[in-house]
Amino acid sequence: MPEQNAERLQRIHVAALDEILGLAFPVLDDGFVRVVDYMGDDAAVVQAARVSYGEGTKKVSDDRGLIRYLLRHRHTTPFEMCEIKLHVRVPMDAWRQWIRHRTASVNETSTRYSIAIDRAQRTAPEQWRIQAANNRQGSDGELAPDAGAMLTQQEADLQDRIRAVYDERLEQGVAREQARKDLPLCTYTEAYWKIDLHNLLHFLALRMDSHAQQEIRDYATVIGDQIAARWVPITWEAFQDYRFGSLSLSRVERRILAEAGQGRRDEARAIADEAGWLKMSAKTGDLVRHRERAELETKAQELGITLPWQKD
Amino acid sequence: MPEQNAERLQRIHVAALDEILGLAFPVLDDGFVRVVDYMGDDAAVVQAARVSYGEGTKKVSDDRGLIRYLLRHRHTTPFEMCEIKLHVRVPMDAWRQWIRHRTASVNETSTRYSIAIDRAQRTAPEQWRIQAANNRQGSDGELAPDAGAMLTQQEADLQDRIRAVYDERLEQGVAREQARKDLPLCTYTEAYWKIDLHNLLHFLALRMDSHAQQEIRDYATVIGDQIAARWVPITWEAFQDYRFGSLSLSRVERRILAEAGQGRRDEARAIADEAGWLKMSAKTGDLVRHRERAELETKAQELGITLPWQKD
Amino acid sequence: MPEQNAERLQRIHVAALDEILGLAFPVLDDGFVRVVDYMGDDAAVVQAARVSYGEGTKKVSDDRGLIRYLLRHRHTTPFEMCEIKLHVRVPMDAWRQWIRHRTASVNETSTRYSIAIDRAQRTAPEQWRIQAANNRQGSDGELAPDAGAMLTQQEADLQDRIRAVYDERLEQGVAREQARKDLPLCTYTEAYWKIDLHNLLHFLALRMDSHAQQEIRDYATVIGDQIAARWVPITWEAFQDYRFGSLSLSRVERRILAEAGQGRRDEARAIADEAGWLKMSAKTGDLVRHRERAELETKAQELGITLPWQKD
Amino acid sequence: MPEQNAERLQRIHVAALDEILGLAFPVLDDGFVRVVDYMGDDAAVVQAARVSYGEGTKKVSDDRGLIRYLLRHRHTTPFEMCEIKLHVRVPMDAWRQWIRHRTASVNETSTRYSIAIDRAQRTAPEQWRIQAANNRQGSDGELAPDAGAMLTQQEADLQDRIRAVYDERLEQGVAREQARKDLPLCTYTEAYWKIDLHNLLHFLALRMDSHAQQEIRDYATVIGDQIAARWVPITWEAFQDYRFGSLSLSRVERRILAEAGQGRRDEARAIADEAGWLKMSAKTGDLVRHRERAELETKAQELGITLPWQKD
């Protein structure tokens, strides 16, 4: 038996999370996310970090300051000390993106073992998104209502037809593992998904991002704003400040902005030129389109710095 | 610059694998597996193990003996020292099972970015498998030819219809990321898949197994018999002997077999009884069905040992 | 806000583990292991497995039977759904072996940041182990008491001297990160160590094994027998039965035992001969020593099977 | 056999790396790093990315532009497609930091199996570093020569004494696994270390950083500047630009700099005040020291932006 005089612990509980334990936050037309269990909280991050630091920092930093310091300097292991387990219901095509994150533990409903969930995600008439012109993997605005209505009706008919074929195969005795093969990619599935806080934040940074596909972004937003915010409010705030709302300047960008910001316009121009950002089109006499230069111009504008190739 | 008098190395090449580099081994009706690159071979396993052992074993064991020793005793790190990269074309439903193995690196074709591959896996009339009665997640035999022919025709019509809807959505301007949502689960995708030898063997142990679904089993069999066998022939032989063809006896099974094998039938029976394996049905007067007892009976028969509750 | 009519959950608690939460189990002369927090229990394993199986098995298997089935057939993901966090104090040389397990999360005391723990593991006179003759990496018995007493005194003097040098360096203003460089490998360190149940069982299978070094084995035994046994008693029992107490027969061993067990001695001998296990020494006229044959002989004896090259 | 008409591949070779294959780059007084083998190069990163993008980008981007785009936007999987294997000789205390990176494969010399390497890292008189005052885990400058000389002599005597005790234990028959326990933390060890390019870059970002301990930084610098630079020159250049030389602005920093840069000093001050960065000391009448404010001041100075609480 353990020593009698040792320090006794109480398990960490987060009242704000206990309140919503097991409740399903609806996502999309028939999906949900619910918290099954969790381990640790903001204090557990601090507790683990203090082991690394020994006694040394106990007085120096308060908890909030320490968490912000850890996140700002991209420390990771203390955030691994918290863990959360979710039960999700999600279309398989969004799930395909989801499980590319290899750092989670997963148990998913098997459609070999059981009949597939009788529900695929359906798109409302106003939800058909237009292919973006300037971003091959994005969308931009929605289709007109009447075009949308047609596609929605067509989708409903198609999904009904597919399900009928699936049911007929089962009736004919076809093995479930084979009968499912023509179900739509957006058929709903369910899973338990367990991940530590560090890897959850990484998942949310990518999937709450404006470049993520709308469907998985809806899930990520619920997990972030409804669940992480209740679970680890200090970490969540720090994540907003240092990761989600941060701006990164590359070495070249720093150098150009530094020269331009300090009024050395020629030096700034020389650096951009050397980087190949200032090629002129012989035809138009204008600067040739350049992705990195365009990104810098946006950043410079935000910081109130005029670049040497721009008009004041 | 490095020291001049240091030992110089040549890169490891495997002639038998170089011969098939880049060649596509066909799988299913339109899939393939091809080797893109690799690092290491049987000798690299030995080389890494000898670092662990220092100079000590150089004389003791020959390479083959060392590899077999490592695999028999479930050493893993020396096998991680070899790496292989494959290019695969595979239906998405098989791919779903494939990427549950989290220890590989993956780049998959994005159907957000590009139009989906215009091909879904099609099932020939004689390939429709019947749901197994005694195994909820397996299949057992094939449907009769005429039933199969009907399902095959129905599948072709359905897949054509789904593709037509997909194409129409694209024509209407729907974003690719959304248009794809009703494509069949068995739509082909392509990916680069990179994994180390230890984790590859684990993948093959699970996916070449008779309980794996036929489709992924077809891929695993090609990877094992055509690729791993050429790449690391000694490791592959040892894997057959110690993993794939091995038999495991649980503690209770060992105890029962030991007693029965040495003629102590009462002791053997007592152990099985205590484990709850010998309950009698009041109705039939026979032993109640028990999964673990049934498994033991199969093993005992193989070893020529008669169990005390069996007739000689 | 989540739906009102959704199923509500209570967090899982394990009374037997809550009782020892935070209490330090002593290990070695100055080490300990204590449970900081945990998530899940045996029921959580079942809960996750049932998601995979859908509704299908609810009636079929009771919880204990399902857990045993999962472990027997080496299912892994349901066991990943439980997590435990320990606080350990351990000599750095044992810790070196410990953190080779890459699947855990770790926060260790930094001796860059803080002064090193003023304690190295000391060996009692009766604890000096003799190098094993037949196993290069093991030990076998203990030194005689007087030899041990001398070594223990020598160790105490050495550790005192090393610590004095460390202290003097710090006094001279040397950076902690450098001053520590000559501290003994067995200096105690502390860490938080968090791991899921599947990977914990893998750790315990390796580190409770008789081939593990005594020091880490002492830690593993406490974690297994005192902590895992309280936390997940059904899983722990199944682990004993199917992993720790199991016996594995290779393909060749199976074939030889099957032939011998069924009385076909010539066939059994032929298989062993073909495998190269029956080479005769020209000098002695006896069988040449062969590691795999020796292993088989031990297994055959346990099962009461006489091998054809053995005397009845 | 594979299809005859399939595309044939040649293995990727990097001439600049082949030239140094196996050669030992010396590090510290007796350590080294040498390349054992590798898989892939810059082109393999591009090749994998193009699979993701399908045919779409073939014309758009040249290879260099694509690699820079991938690294700038923190894409990771294409960089996982390259792998490198190193043989290193390194003091155990630096190795302890090294193997905290859990994404590599490792085979290390076992001092259970073999006698420990008869060499510990020795510190020259001019290499004793002074504990930093303003950074608990860093160093700052070196000790005076005479103090250094004394410590160096003391270290040599101590290491000789420790080794003599180790040798005597072995002579007495003590098991190697136990005899080693008082060897210094800086005893040299050797290992094979294999890692993919993405994780190597992450390792280098942390260990080439000015906050890393000098010893591991020496190793990382050799791996980066001598090996990675030869292996994947385009990726290495991009890494310098976007990771190593980059500057990150938090959400608050962005907002303050934007307001200040655009001349809205009051708004800038209000944001800093709300964040708690502008507390005044009642005693001195100056701003209280604040770590985040100090970091921002450094960044603002670089960009030529005057903050409202600073004098012009």
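Order as written gives the chain letters A, B, C and D; numbering starts at 1 within each chain.
Everything that follows uses one rule, which is that a contact is a pair of C-beta atoms (placed from the backbone, for glycine too) under 8 Å apart; a residue touches a chain by one contact, two chains touch by 3 or more.
Everything numeric in this text was worked out from a predicted model, so none of it was measured.
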item	value
Each chain counted as touching subunit A and subunit B at once	C, D
Longest centre-to-centre distance from subunit A, chain (CA-based)	C
Centre distance in Å when subunit A and subunit D are each reduced to the mean of their C-alpha atoms	27
Chain centre separation in whole Å, for subunit C relative to subunit A (CA means)	37
Two or more partner chains touched - positions in subunit D	53, 56, 106, 110, 113-114, 136
Residues of subunit C that touch subunit A when the two form their complex	1-3, 6-13, 18, 20-26, 32, 34-40, 44, 47-49, 51-56, 77-78, 80-81, 83, 85, 87, 105-110, 113-115, 190-192, 194, 196, 226
Subunit D-touching residues of subunit A, taken from the complex the two chains share	53, 56-57, 68-69, 72, 136, 240-242, 244-252, 254, 257-258, 260-263, 291-292, 302-305
Subunit A partner contacts - residues on subunit B that touch it in the complex	91-93, 96, 99-100, 102-103, 106, 110, 112-114, 120-121, 123, 128-132, 136-140, 143, 147, 151, 154-155, 158-159, 161-162, 165, 168-170, 172-178, 180-187, 213
